[in-house]
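Labels run A, B, C, D and E following the written order; every chain starts at residue 1.
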Amino acid sequence: ADDELTINVVASMSGAFAQFGEEAEKGARLAIETAGTAGGMKLKLNLIDTESNAGKAARKVKSKLGEEGPGLYLGSTLSSTALAVGAEIHSAGGFYINGSGADEITGKKCNASMFRWSAPTYGAVNASLRPVLDAHPEIKSAYTVTPQYVFGEAMLSNTKAVLEERGLTLAGNSYHSLKDKEFSGIIAQAQAANPDLLVLLNFSSQAAASIQQAINFGLKDRMKILLVWSSGLDTMQSLGAEVSEGIYFGAQYWHEEEAPANLELVKLTKDKLGEAPTYPMAHYYQMTKLIIDAANELGTGDPAKIKAHISGKSYEGITGTESVSAENNQVEKNFYLLLGKAEGDKADEYDFADVVAKAKYFQSAADTGCKLN
Amino acid sequence: MSANQPIYIHLLLTAVIAAVLPIVLPSYVLATEILIFAMAAIGCNLLLGYTGLLSFGQALFFGAGAYAAGLLSIHYNPGLVPTILASILTGAVLAVVVGFFAIRRKGIYFVMLTLAFAQLGYYVAFLAEPITGGEDGLLDVVRPTFTIPFVTEFKFATDTSFYILTSIVFVLIFVAMQRLVDSPLGSVLKAIKQNEARAEAIGYQVKLYKIAVFAFSGAVTAVAGTFYATMLRFAPLSNIDIETSEVILFMCVLGGLGSLYGSVFGAIIFLVATDILADLWPRWMLLLGLLLIIVMLYLPGGLSEATQKAISKLRGSDIKKEGSHA
Amino acid sequence: MLELENVNALYGKSHILFDLSLKINEGELVTILGRNGAGKSTTLSTIVGLVPDVRGRITFDGKDLIGMPTHKIADMGICLIPEQRDIFQILTVEENLQLSEKEGGRWTIKDIYQLFPRLKERKTNGGGQLSGGEQQMLAIARALLNDPKLLLCDELSEGLAPVIVQEIVNTLKEIKQSGIPILLVEQNLRVCETLADRHYIVEQGKLFHEFTSEEFFTDEAIAIKEKFLSV
Amino acid sequence: MHSPLLEIKNLTKRYGDFYANTDISFDVDAGTIHGVIGPNGAGKTTLFNCLAGTVPASSGNIIFDGKAIEGMGQYERPRLGIGRSFQVTSLFSDLSVEENLRLAGQALDTKKGFVFWHAVHNSPDETAQIDQVLERITLTAEKELLASALSHGQQRLLEVGMALMAKPKILLLDEPTSGMGIDDVPAMTNLLGALRKECTILLIEHNVGLVTKVCDTVTVMHGGKVLTSGTPAEISENEEVKTAYLGEEI
Amino acid sequence: MSLYYFQILNGIGLGMIYFLMGVGLTIIFGMMNFVNFAHGVLYTLGAYFCFQFITMTDNFWVGLLVTPFAVGAFAYLLERVLIRKLYKLDHAVQILITIGVMLVIREAILIIWGTVPKPVSTPDLLKGVMVFGDFVYPQYRLFIVAATSLIAVALWYLLEKTKFGIQVRAGSENPKMVSLLGINTERLFAITFVLGVALAGIAGALLTPIRGADAFAGLEALGIAFVVVVIGGMGSFTGALIGGLIVGLVQSFTAIIWPEGANVMIYSVMAAIILLRPNGLFGRA
């Protein structure tokens, strides 16, 4: 109907990444229900379950585009899904924003219809590794654990660049495969290299498993540990305070951020859901809100107009001031470095960490290899 | 329904199915996916339903077809027919290799070998990231075109035209495979399923037949993979994972073993049901699991047999079955 | 000791036994004769509770057997040696024996090896690798070890060499002498004639005739044997 | 006068340390019915398995129709003219009687089984052959039935029928009457009598009456070895055979 | 201590864990000839039960000890309601139905405990590490090796040296005949199934301090368990032990040379072993 504006939310509701989808949906729903309408139209949420499978996601989005023409889409934390879905939406002329880890989205595979809210690997590594090194001048060498695919490679090369610039040595690197959950062999390699800092470049359940096992092996007493691409609150919840204490976590979002937009979000989640926002929840909320605000400002939900409007826009977001690069549609926002705290020091059940630093590091569009079309 | 009917009946029936699907379904894309998985389920049925070989590695052939077509079209774009031929060849060759090793063992060891090969394929495709795109999958797959020199070129760029193309290939493959199961080769396969030792004893080189049926199964499944990749313009790594094998197997069993129409209905019902369920409830896989249990427990012949029984009951026909409760 | 009264047995819709009545007394050896498919094996299966749908009355030592699970019936001492022998292929000969040995039973594995030296020779072999005859011996041995109070034998002599048949006949005699009643289903008339106290003839699931061993050679009996057993 | 159709020379079959067949040697003359008897576990079925290629012989030679066949695969032997039935019934139980026979016939042409482009179709010759075999094994009326629906005796006959479809030069029959009713045995006896005109038969039986009736020569096996060979009359007189196998008449 | 020796130690530690994952499967499969694709998710259930009991009682040891019984009780119910109907069916059918069971249990776990994995901390008693030269090895992993060794000995005795073991094997082949010998086969199978599943539960519980409770960990566990059992030979207890150790060592050593290829190596080793040794290293024919 003409008086309705549908926002399509792509999320992994079922399958191996269900833990993201569940939170993500809450975030999007929160934004939509709070706003109710946008640009005079009633907002409607259409949830697309990726089933944690990029092929399924692409097919479902394709079906939707076929049925309803170009529309507004957001979501997906998984690189493969975001890339595939993004290509479909672009060729149909829709609008798409996501929070995935794939640098190609605003790099080599960028296109005019596709935006990324999450900071790229470059930003994540610089914003988390540099402050750790600043805080611990005694660190002379680092060992990296890298998942062997595009995302991991990007994380690794950024890490190497920082280490090189600081004149530190890379004591070694272990790659691992998708779905591996046993890291004891790799941890033994890391032990043998005896570095001052262990940098984990994996994410999600693999990150949790590798940290947990590193700590079993007593590495926390022997070196500093940094998990660059954590999911923030839910990573810490699944590890528990005992494990996360003393560990550095890089995060796209932290609910204790004092930015006004975030205070508003925290209040909303507390009132409506009785919990603190996690990263998936928060960034789906932010992405949805971005679309709603644009529709309100434009008075239309036309994807082409929304793209043009958002590109180059600057606004107050949940991580402070966020701005969208007109060159590659990358949202430039803060990235956080957190330090896990002891159970006894927690102010409330969500207070797992202190913010050590937050910063924005972004490459120029040319450096990312993006040419918008 | 399918026992040795003349070929035009099958042509007609499958054409009707292909024509009706997009009318009753919300989108051409879903209908396309259904026909694609119907082909994959047919490939699986050749092995399990007709020969009694439970392959847990069908995803390997599906994925290989997708990569073969994807890579070929990205790098050379040779057009529709060469692309399909290449994927048939890839699927068949790969299946012969897997078959050659796997059929040396029987029972659960056979199942595990097919699974092991598929897993190997999965991790190899994952590690071969420069070629396959690894975890991100193979992006920007080009849809092959069909050129009639000096006359016209079909691009299949729209969902509708691509569906028509898929339907044509589906009908051809279905009819060819129906022919195969009704042929002398098909009769030997059924004999092998029933009593392998006896088949060998009366003079059939069972191993060769098993490899042959693997080749056909691999080829058909690879064609399905090819259409999947060209439909999405993307070949995801998940094509090769265990879940894909499971899904193909489930469609095949849901529809009914030993009936190609069953495989088609299996694909239709599975995909439509999962789409609807996934929209209703994030924990829909619980219902899927229950469905799987119920079907296997109470409709072991799958839907095709269940409907046949229901039809004959409706007709009130009293097929005499003398105490056959084996 | 065992008594069947008006027993009807059905497999699904197919009715196999019709109002069959027979009984076995203490210490008796009784045979059931009949053509292929007459229902002899079904009668035995019915007794041990392997047929799902049975009507009528079956009692053993005064206890009602219908509806009782097979293992309980076996536990009461009714021991069936089935037609297909059902040797455990994946167990060795010795394990097959160990499995069936009951503590305090009349026979021990040692006795069995004396009775069938062939089994001793093959004792570490898998059950699946035995020849047909060896399997038959093992099946009998197993039954004996299980300390039966009543033995039901289905076509013991099938596929056996004459010497072995002879040995088995001797064994059965011994068993009988030890006081265990036996219900024997046989195709081999000679075996029946040598052993039995009474004969039942079954045809198409109905009991037709009953003879004592003396009556078995009367003219009437011979005529009937010709009719139903085509000898 | 007869040239041997099948020559077995020093055939030995070992399972681990166990010798199931030791140094078996005998000839089977063309056109005869040759019985093989012996106590249970003597190694008769094992011998058949070696001849038919179901298991490979450990050593020794098998010469059939002038060709050494011990190295050939089981599937190749039917085409040379070796047909066999099994001691334990082994049919395609969910296929019709006719289909069982058709499959046995089709197997003779190596290529035919790989034809996938046209539907199954019997030539008049094939149909005639199937009908002829059906008649022989007296199952014409049961043609359309599933093999599993046959009675035990009928299944034994179908076993033989399948071996016949291959137009064998030699037929290996392993206890064709086992488990048959007393009234079915004459049917089998007649069948064997009729077959002797067409092919040589090697027959394992425990039914000594049948053996004496139909066999020209009998080989007695015992403990994996050949005890003796001779005419039925010679055999039944042989003391060694009496103690090892026949025993006293019951 | 050189890295290589250390990786041997670590490989053995891993191997014992994998043995534990595989042995329940091998008992159920080898002895009852029942293919249980739900084995992995029952392992996961063990982890969640353990988490639950620890949360309730605040005591790791209670969780560890109660879990096998709780999982066993669950297995008993499952056997009564569903599994006993499957013994007679084809392997293919068993596989598909137990995949269904796997989906149902996994989704139920997600409903009950939520989608975020649950952490369990190492018991205080075993928090420390053992020092071997330059290397440290967690005491808790040593504890696992010790505990699994004990379980292994007890199981070996039960399965190979008692009549129960023979009964179960015979029952897998021909339950009718077993009941003709006066043995209650229904009970026998139920006990075996419960035993096998309880072992999966123990594995899940023992591993929670290392892996936490993660609803999707079951598939990986199932994969490993199958590899272990197939390498060792279906139904062979010794096979499960050796199979587990082989997989552990392979994984541990690929960590030195080609860590990202661990899975490729494991599956290649498995394929190679089945091709060379048809029934696995210790499989019965």
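Here, contacts are C-beta pairs under 8 Å (C-beta built on N, C-alpha and C of every residue); 3 or more make two chains touch, one makes a residue touch a chain.
Composition by chain, UniProt nomenclature: B = Amino acid/amide ABC transporter membrane protein 2, HAAT family; C = Amino acid/amide ABC transporter ATP-binding protein 2, HAAT family; D = Amino acid/amide ABC transporter ATP-binding protein 1, HAAT family; E = Amino acid/amide ABC transporter membrane protein 1, HAAT family.
Source: prediction; values computed, not measured.
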Fill in: Other chains in touch with both subunit A and subunit B
E
Worksheet entry | Chain whose Cα centroid lies at the greatest distance from that of subunit D | A
Practice prompt. By the contact definition above, name the pair with the higher C-beta contact count: B-D or C-E.
Written response: B-D
Worksheet entry | Centroid spacing, where centroids are CA-atom means, of subunit C and subunit E in whole angstrom | 44
Worksheet, complete the sentence: Averaging C-alpha coordinates per chain, one finds the centres of subunit B and subunit C separated by a number of Å equal to 51
Practice prompt. With chain centres taken as the means of their Cα atoms, state the distance from subunit A to subunit D in Å.
Written response: 74
Worksheet entry | Where subunit B and subunit E are represented by their mean Cα positions, the distance between them in whole Å | 33
Worksheet item: Tell me, which residues of subunit A touch at least two other chains?
Response: 18, 21-22, 148, 177
Worksheet item: Using the touch rule from the top of the page, what residues of subunit C touch 2 or more other chains?
Response: none
Discussion item. Can you tell me which positions in subunit D touch subunit B when the two form their complex?
Written reply: 52, 54, 73-79, 84, 86, 90-95, 99, 102-104, 106-108, 112-120, 146, 148-149, 162, 165-166
Worksheet, complete the sentence: subunit E partner, complex, touching residues on subunit C are 48, 50, 69-72, 74-75, 79-80, 82, 86, 88-91, 95-96, 98-100, 102, 126, 142, 146
Worksheet entry | Residue ranges of subunit D in contact with subunit C within the complex | 15, 18, 37-43, 45, 87, 151-153, 175, 178-184, 206, 208, 243-248, 250
Worksheet item: Of all residues in subunit A, which touch subunit B in the complex?
Response: 13-15, 18, 21-22, 47, 49, 51, 53-55, 58-60, 62-64, 66-67, 79-80, 83-84, 87-88, 91, 102, 104, 109, 148-151, 177-178
Practice prompt. Quick one: which bits of subunit E touch subunit B in the complex? Just the residue numbers, please.
Written response: 29, 35, 82, 85, 89, 91-93, 95-97, 99-104, 106-108, 110-111, 219, 223, 226-227, 230, 234, 260-261, 263-264, 267-268, 270-271, 274-275, 278-280
